[in-house]
Structures are given as structure tokens and as C-alpha cells.
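Several structures are given next for inspection.
The following pair of complexes shares a single chain, subunit A, combined with subunit B in the former and subunit C in the latter.
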Partner chain A sequence: MKKLKIIIYILFGALLIGLLVNSIISISGLLFENDILNVGHFTEKDVPFYLKIIAILKLVTLLLFCVGIYYLIKILKMFTQGLYFSNSLEELFRQSGRYLILSGSLGFLLNLTPFIIQDFKYIMYLNFDSKSLYIALTIIGLFFYAFSRIINQGNFLKQENELTI
Partner chain B sequence: MKSAKTLHSILSIIIYLILLVIAVGIIMLVLFLTGILDTSTIFNDITEYLKDPSLYVFMGLILIVYGIFVYGLCQLRAAAKGFISHQFYDINHLKNLSIAGKCFVLTGTFAWLFDGLSSIYFQSKFSLSMNDKTFMYLFIIAIGLFIMIIGQALNDARQLKEENELTI
Partner chain C sequence: MKTSIKTFRVILLVFICFYSMAVVYFAFAAFSGQYFTPEKLYRTSFFGDLIKPNFYAYYVFNLLTDIFLIYSLLQLLKITDFFKEQNYFTPKIIRLLKSSGRNFIATALIGVLGTILYNYMFTEHPLERMFMPFIHHFMILILGLGILVIEEIQKRALHIKSENDLTI
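Up next is the complex of A and B:
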């Protein structure tokens, strides 16, 4: 269990760092018009206002994802302490699921915007290639949300067990 | 259990979509190889590799990885079905969770590896996988491990439940 926990920490850490670097590139490009990737899009005119809003919403998506992962790490901590069933664990699963669903669905909708607006010029800065990641996020969020109910039942069983003993 | 029902439906849709994409890919490959379809009209980069056996080796390997992924999704769907029918501590559903976790870890690791190797071999001219996002692979591995831990926790709960029923 401990080994698995460490591997999960490393993977989530790498994921968060990667997403953070991606967001820094997006924000510096779209909000501050700093062409880090040298695609030469910032010489003619300013970045459209709606793209700036999309960049901010992408940052919100990342924040929601970070909160979801924070709850997952808390769950892992409880698991390693052997606290499989408690009210707080149920709440952590529900919160984690909720934030991951929000992050996944918002991210997926944002990924669809270039196809709706038909503007692919800044696509490199918006990382619109990660639709599958957001679908996976929503699925896993739903799974955790459903799982919180099972933790609730497990908690009830445990209490019953302790009372019987 | 509305969330479990939604999860079950989404998983079903994704499983059928992946199978459909794989089937369309295989049909297109057969059409290219038989000369019915002209590759240059759709993919310019792939034409020069059509006679290279490595292309088919990588395709086969990636197909196996997708097969493992679909199998993992099917296992997760079976677990979701258990949640809907309130069979939370059924040993079969716990096994489903454990297998799904292992499948996701395998998928994330090998898809990343084969994707990287194929990109190096074909000098990044084209990618054979659906999406080469590193984040996706990292996320799948992490969640696979997490689902394995959940399976373990549920197994402990099942033992508690059995103990409880025996005491009564």
C-alpha cells in the first residue's frame, strides 16, 4: 500500500507540474501576449477578448482539478492509516468526485470552442488537444461520486459491527 | 444511484465508440492495402511506410493496448452495474475493480511507451495512437493504481460484513 501511495503521489505531482507549466505558457501567451512558443501570432494584432476569457476559464479548470487531486491525496492518507470507513472519507470522495466532474466537463466544453468559433490560430496556446483527458476526468469523477455512497454503507456496517462486539 | 447509472451509460458509450473507431481503422487499412482507397488522398506521411513491417508491429501492439483499455472499461462498467444493483460487497465486483485498475496501469504505461517508440521510429511524422498527450497517460496510470487501492479497501469491508453477519 505504501509503495502504491508513493507512486500515486509522484504521478499526480508530475501531472500537476505539467499542467501548471502548460497553463503558464497559455496565460503568458494569451493574456500578456508573450510569444514563448515563437509561433509569431502576436505581431499583427491583439489577442481577441473571448480567447482571454477562455484562457482564464482554463485556469479555473486547472484549479478545480487541483482541488479534486488534493481531496484524492487526503483519501490516500486516510487509506494508509487504515481508516477505510468514516464520515469524512465519504465526504472526501464526494467532494473529489464533484470537483473532477466540474473540471472535466468545463475543460471538455472549452476544448470544443475553437470548432464553434472556427478560430484555430491560437490553438497551440490553448492545448485544445486534450479532450480525452477531460472525458477521463469526468468518468473518474462520476466513479468517485458513486463510490462515496458505498463508503457510507461501509461506515454504517462498521458501526454496527462495533456495536455488536 | 443516479451517478452510478450515468457512469454506466457513459462507459457504455465510450466502449462502443472505441470499438467503432478501431473497426473503422482496420477497414480503412484493408482498403488501403487492397488499393481500393488511395492513401495519398488522406494521409501523405503514411504512404512511404506502408511496406515497412514495423508499421504493422506498432499497429498490432497499440491495438493490444486499446484492447486492454476496453477490457478495463468493461470491468469498471461491471462494477458500476454492481453499484446500481446495490451489490457493493460482491466478490465479483471487487475483482472487477481490481482488474480495471490493473488494466488502466498497463494501458497508461504501454500506450506511453509504444507511442514514444513509434514517434521516434517514424520521426514524429504521424502518431498511431488516438492522442499522444502525456497527461492522459499519467492520469490513467495514477487512477488505475487508485482504483486498485479502492478494491483493496472494499475487500476489507467485505470481510467486516461477513464477520458482522457471523456474529449476528
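Up next is the complex of A and C:
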């Protein structure tokens, strides 16, 4: 468990750095028209306004994912304190699931926008080629949400156990 | 409880069906030459200096990612079968969670390899292009580890349950 905790901590740190760089690339590309990825479309004309809005929404998606993972880290902290079943653990799982569902669904909807507006030029800056991954994210969020109810059952078992002793 | 599990099952089933169909369709399209292949090969790899073999090699990685993802989702679906029968803590669930978590991690790692391969062969500026898709594989990797955390909780719960059953 300790090993898993350290791995998740390291990965979460790396993810935060990665998301920060990702956001900087997206913002500098779509809001300030700085072609870091060498796509080569910025010489034609300004980036459309709706793409700037989509870029901001994409950042919101990533932020929501980070909040979901932050709750997962909180869960890990509770485990290290030996609190395997409690009401707060149930709540943390529910919150983590909720944010992952929000992030996944918003990400999926944003992934569909290039097809609706038929503009694929800046797709690289929006990183919109992973619809399946966003659906998987929603599914895992739903799993966490459903699992929070199972934690409730575990909590009940634990209380029964303690009363018997 | 039943409603959330039911919702989860329906969404998961619909997704697995559509996703599997899409994977089969795109694999067929890719290997029959109808699928979009990159126009230029910037760097040669182990697979020669022709576009098609290199693209197929990349596509195999892509296909493996999809297969691992579908398999891990099927395992999550199997777990909900136990939940539906109100078997919340069993050794079988622990095994399924462990395997599902590992498959999610494999999905992420193979996805990273595929991204590296594609960008190395088919893009002029691979380093810049590689970075953006990495984030998504990273997200799946962390979620796979999250499922392994759930496995630990299940282990603990099973221990308490067996202790309870013995006391009775």
C-alpha cells in the first residue's frame, strides 16, 4: 500500500506539471497565436473566437480531473491512517467519482466539437483525438461513485464486527 | 445503490458494444487500405522505409491499446454482476479488480509507446507533437492505480467479513 501511495503521489506531481505545460501550450497557441507545435496555421488568419472558448473549457476539464484525483489522494491518506471504512471515505469516493464523471463527459463533448464545426486545423492544440479515453474516464468515475455505496456496506460490516468484539 | 449500479452497467454495456464495433470497423478499414494513412514518412524505423508497413506497425499498437481497454472494462462489468447479486466482498472481485487495474496500466503504457512510434515516424517535430497525447495516457495510468487502491479496500473488507462470519 505504501508503495502504491508513493507511486500515485509521484504520478500526481508529474501530472500536475504535465497539465500545466499542456495548458501553457494550448493557451499560447490558441489565445496568443504562438505556434509552439509547428502546426503552421497561424499565418493564415486569427484563431476563431469559439476555439478560444473551447480551449478555456478544455482547461476546465483538466482542472476537474485534477480535483477528482486530489480526492483519490485524500482517500490514500485515510488508508495510511488505518481508516478503511468510514462515512468520510464514502463521501470522498463519491466526490472523486462526481468530478471524474464531470471531467469525462465535458471532455467527450468537447472532443466532438471539431466534427460539429468542421474545423480540424487546430485539433493538435486542443488534443482532441481521444474520445474513448474520456468515456473511459466517465466510466471509472461512475465506478468510483457506485463503489462509494459499497464502502457504506463495508462500514456496516465493520461496525457489526466491533460490536461483536 | 441498485440504481447507481444499474446506470453504471447500462452505460458500460453501451460503450463496450459501440467501442468494440468501432475498433473492428477501423481495424478493417486500416488493414484494407481505406483508412487515412499519413502522407509522408519522416524517419525510418525497424519496419522499413515504406509508409504502409510503418503505419500498420503503429496501428497494431493502437489496436492493442483498444483491446486492453475493452478487456479491463469487461472486467469492471463482471464485478457489477457480483454487486447486483449483493455479493460485495468476495475473493473473485479482488482478482478482477487487480486484473482490471493492471490492464488499465497496460493500456496507458502501450498507448505511450504507440504515440512515440507514430510521432517519430510521421511527424516533422516529434518532441513537440508527442507531448499533448501523453497527458491522456497519463490520466488512464493514474486511474488504473486508483482501481488498485479499491482492490486494497476490498481485501480489507473481505478480511473483516470473514472475521465476522467466523464469530457468528
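Definition applied: the second predicted complex is superposed on the first by the 164 of 165 C-alpha atoms of A that agree within 3 Å, B and C clash if a C-alpha of one lies under 4 Å from a C-alpha of the other, contacts with A are read in each partner's own complex, and residues count from 1 in each chain.
As a working rule, a residue touches a chain if its C-beta (ideal position, glycine included) is under 8 Å from a C-beta of that chain, and two chains touch if they have at least 3 such contacts.
Here the structure is a predicted model, which is why all the values come from computation and not from measurement.
In the three-chain model built by superposing on subunit A, subunit B clashes with subunit C. After overlaying the two complexes on the shared chain, residue contacts for A:136 are found with subunit B and with subunit C alike. Comparing subunit C and subunit B on the residues of subunit A they touch gives the larger count to C. Residue contacts after overlaying the shared chain place A:160 against subunit B and subunit C alike. Applying the stated contact rule after C-alpha superposition, one finds that A:18 touches each of subunit B and subunit C.
In the superposition on chain A, A:4 makes contact with both subunit B and subunit C.
Once the two complexes are laid over each other on the shared chain, residue contacts for A:149 go to subunit B and to subunit C alike. When the two complexes are overlaid on their common chain A, residue A:84 makes contact with subunit B and with subunit C alike. When the shared chain is aligned, no partner comes close enough to touch A:63: not subunit B, not subunit C.
Judged by the document's definition of touching, subunit A residues 1, 4, 7-8, 11-12, 14-15, 18-19, 72, 76, 79, 84-85, 129-130, 132-133, 135-140, 142-143, 145-147, 149-150, 153-154, 157-158, 160-161, 164 lie at the interface with subunit B and also at the interface with subunit C. Residues of subunit A that touch subunit B in their complex: 1, 4-5, 7-8, 11-12, 14-15, 18-19, 72, 76, 79, 84-85, 97, 129-133, 135-140, 142-143, 145-147, 149-150, 153-154, 157-158, 160-161, 164-165.
Within the complex formed with subunit C, the subunit A residues making contact are 1, 4, 7-8, 11-12, 14-15, 18-19, 21-22, 25, 36-38, 62, 65, 69, 72, 75-76, 79, 84-85, 96, 100, 124-125, 127, 129-130, 132-133, 135-140, 142-147, 149-154, 157-158, 160-161, 164. Residue ranges on subunit C touching subunit A, taken from their complex, read 1, 4-5, 7-8, 11-12, 15, 19, 66, 69, 73, 76, 80, 83, 88-89, 124-125, 128-129, 131-143, 145-150, 152-153, 156-157, 160-161, 163-164, 167. On the subunit B side of its complex with subunit A, the touching residues are 1, 3-4, 6-7, 10-11, 14, 76, 80, 83, 88, 130-131, 133-136, 138-143, 145-150, 152-154, 156-157, 160-161, 163-164, 167-168.
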